[in-house]
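One structure follows; several queries about it will come next.
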Amino acid sequence: MEGLMKTLLRNIKQFMLDNPKAFIGIVIVLSVCLLCLMAPLLTEYAASARVGRPHQAPGGDHLLGTTRMGRDVWAQVLYGGRISLMVGFVAGTFVILMAMIVGIASGYFGGLVDNVLSLLTNLVMVIPSLPLMLVLAAFLDQVSPLVIAIIIGATSWPWGARVLRSQTLAIRNRDFVHAAEVMGESKKRMLFAEIMPNMMSILASSFIGTVIYAIMTQATLEFIGLGDPLSVTWGGMLYNADQTSAMRIGAWWEIVAPSVALASVAIGLALINFSIDEISNPKLKAQRIMAKFRREQNKAAKQQAAAPLTNAEQAS
Amino acid sequence: MKFILSRLGFYLLAFVTAVTINFFLPRMMPGDPIKSFLGRLAMNGGQITPETISALEALYGYSTSTPLWQQFFQYLGSVLAGDWGMSTRFFQPVFEVLGRGMLWTLLLVGTYLIVSYTLTTLLGIYVAWKRGTWTDSVITVGSVVVSSIPSVVMALVMYFIFASNLGWFPTSYAYHPSLDPAFSGEFIGSVAYHLVLPLLCMVALGMGNVMGMRSNMINQLGEDFIVMGWAKGVRDRKVMLHYGARNAILPMITSFAMSVGAIFGGSLIIEIIFNYPGLGQVMFQAMLARDYPLIQGYLLIMTMMVLGANFIADCLLFVLDPRLRTQLD
Amino acid sequence: MSKLVEVKNLCVDYITFNGRVRAVSDVSFHINQGEILGLAGESGCGKSTIAYSLMRLHRPPALISEGSIEFEGRDVLAMDDDQLREFRWKETSMVFQSAMNCLNPVKTIEYQFWDIFDAHGLVSSRDESIEKAKELLRIVDIPTERLFDYPHQFSGGMRQRVVIAMALALKPKLLIMDEPTTALDVVVQREILQKVYQLKEQFGFSILFITHDLSLMVELCDRIGIMYSGKLVELAPAKQILSQPLHPYAHGLGDSFPTLHGELQEMKGIPGTPLDLQNVPPGCRFAPRCFKATAACREQEPQLLQANEQRWVACLEPLKIASQAQQPEPLTQSHSEPSETTCAEAL
């Protein structure tokens, strides 16, 4: 058991050394998720209850101060994060499902299916999604976070679908898929056994990309005042702070708290995405190997400088 | 020519799709704008007469008497003719209201595109050239971090620090209100001064392109023709620019076309926060007043601008990629 | 015949996350002036890596860790950037594996010729470069008006000829051909190799010809080196390597290819798979697949040793040269006559 822990720790340490960016990203995102999940343990206040005097500065009873309505900002950040993260997650899932179905189907079946699906993809891509959401939101009057998530999902899948389509095409024409086809594997089995593993990195990065986009867009919509006033979210907090001129009267914590939360999730996710790209792209990988090699060489050179004899040998 | 024609056909189809969405969305929604208008009118003690209802029907293009498909073609016809209805907030034709805002949005987004794409492309080439070094890590990680900050957060923070607190930049308008639009140094200077902060904010948010250009460039550098360039004894700089970068910008143009919708969308929140009188600001007013014709017009005009930008990207690709150009022979 | 290129104890390593992998291990050979040397072996045996190293075109994560490469007595590995740039293409040029990908897709052929002349400061004006380029296109039988076309407008065979024209632009002393015809169909393949042979006779350069197609190689080359898992295992005159191989691997390779003329015979192939270079066992690298392997073979690594005047082999249990007494090989290599007839016959 102890040995297992040790290898686990060693693996984590190795991963951290090899992918510092991914590690930082994962730590940020995981801690924000954990904080939000454990909200009831971390604060005694409810998010939308009046629990103090208006505009109390951070410190004392209220870790991050209070809003004009006397609500606890720390509690709002924690509970609000749940909804913001949920929106991102739902939209992200929706997008990869859509992208997978449309992208792989059109790349794999080709012909008419491809033509129709590609046209659909291109159409959705050129219809600007934010204005479309505004129109929808305007007619629905006020939209709940879940509706926002679905709308974001429904309008942002084309990018992923396009990448997956070209990847499917490329993989489809590779020898091993042809070989599988000749060996009489059924098409369905082939899709999942042969093509899917090659797509994991694309799916992962398009999922994370959408989560970032969804969290950002939700914040934007709510900041404009289209959110559901009853649910506490990071975007909604910004809206309320802006509406009550928090900044002008010096209640900076009202703006800063949700801003930091939003930015840190987005940055953490972006760092993970960046690393996925770095790890999965073989051409970027070569460079990582060389960087590691140079580090090791520098270390060796330093060691050799300490032992002049071997150094001279090397020079000759 | 076939390429251009097929693209134009696609744009027409996309525009008609947007019009269709615009037409059917409000009719599928639970809340009828006429009813909601009447509700608000009644709440404020207004008189509701049959004339009011028919006037509203004319305003919104709704009707209970004509069949839906006929309404649709009427709507399509009037949209194509430039009759986009009346704004209920500004009491002016939607087309005019949007036209005014579009000028400033085009100025903001246009300058952004030029500044940002020049900067990020050059930076991308530079870091791909210096890949694996300290400069590379700092610039790439920096641009990933900066560009992933949500636009609301970035705009609010910049606004409060540089405009509101430090007072280095104006807090609203596109030019000083005491000036009259004129082709003078003073006026242009004022426009430029008002443009700087929103522009800076957008450029910062667009820094992610450095990553795109960098990986395009690194992908290109693995191609055989680059190795051949080196084998030929061509100077590094030339291999980098004429072999690597020249090919790496092609996918950048495609990705520009794909992201232009998001760019216009991003300008919305920037304009709202910096009180810049572009389309975003108009839209914000429209949203507050539930000015449905104007909101619908906004979707149409955004679609048009995205399609226009796509067309420009197509033309650029057509000029820059001989494979597209000579396919037709 | 004087030596044009001399490679001694060349080692090329690939850096991986799990440490270094030696892709080319202790390879020595030379190329004479006017000679065609072939390098054959299974894919991944390091033959292309050698080709790239000769021009120092190997890209990270590959690096030359040991050995020397001398070109007319000049140390290629010691050249600085400018010397190297001058050396490339002018002394040694290369025809790449895929003509499809080795031309810049967004520039005309004319521009890519001009690039060469311009980089080496050989022309004073664009017109002069155009004239020279047209001359080169004529040599490879491509209509000169196609000079201003883009690469994608050419067929595969034509494109490869354009690349050959480019390779000859500076009249190099050595032409490296890295599987130049793998992507082409057999007829075009023959045409192109015949053209190359003609040009070689005309200009007198040497060729390093790399392929896994042994039958093609035997017809074209003067001498052939056989590589296995990063090692040169046998080096011999072309005719002898198929008829009287010394190394069991060369024997196996010869048996796995059909001859173009001659009786149909059973093809045997070599059992087993190539070595995993990440994990090299002691002893001879071919031992696990070798029918003659002894206990000694699995312990002691054989060195490349001279077997007779023209032959080198790295094997502890070389095959007997049974027919040597009956069929003595001429000392001077008769390369031009027989190769040309075989090429012609094949067509």
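Going by the order they are written in, the chains are A, B and C; count residues from 1 in each one.
As a convention for this text, a residue touches a chain if its C-beta (ideal position, glycine included) is under 8 Å from a C-beta of that chain, and two chains touch if they have at least 3 such contacts.
Bear in mind the structure is a predicted one, so any value in this text is a computation, not a measurement.
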| item | value |
| --- | --- |
| Chains touching both chain B and chain C | A |
| Chain nearest the global centroid, as defined over all protein CA atoms shown | A |
| Chain whose mean Cα position lies farthest from chain A | C |
| Centroid spacing, where centroids are CA-atom means, of chain B and chain C in whole angstrom | 55 |
| Interchain centroid distance [CA atoms averaged], chain A/chain B, Å | 23 |
| Euclidean distance of C-alpha centroids - chain A vs chain C, Å | 49 |
| Chain B residues counted as touching two or more neighbouring chains | 222 |
| Junction residues of chain A - those touching two or more other chains | 286-287, 290 |
| Touching two or more other chains - residue numbers and ranges from chain C | 59 |
| Interfacial residue positions of chain B with respect to chain C in the complex | 222-225, 227-235, 238, 242-243, 246-247, 250, 320-323, 326, 329 |
| Residues of chain A that touch chain C when the two form their complex | 18, 286-287, 289-290, 292-293 |
| Residues of chain A defined as touching chain B within the complex | 21, 119, 122-123, 125-132, 134-136, 138-141, 159, 162, 212-213, 215-216, 219-220, 223-226, 235, 238, 242, 247-248, 252, 255, 259, 262-263, 266-267, 269-271, 274, 277, 281, 283-284, 286-287, 290-291, 294 |
| Chain C to chain A touching residues, read off their complex | 15-17, 59-61 |
| Chain C residues within the chain B interface of the complex | 55, 57, 59, 85-90, 93-94, 96-98, 101-108, 115-116, 119-120, 149-150, 152-153, 166 |
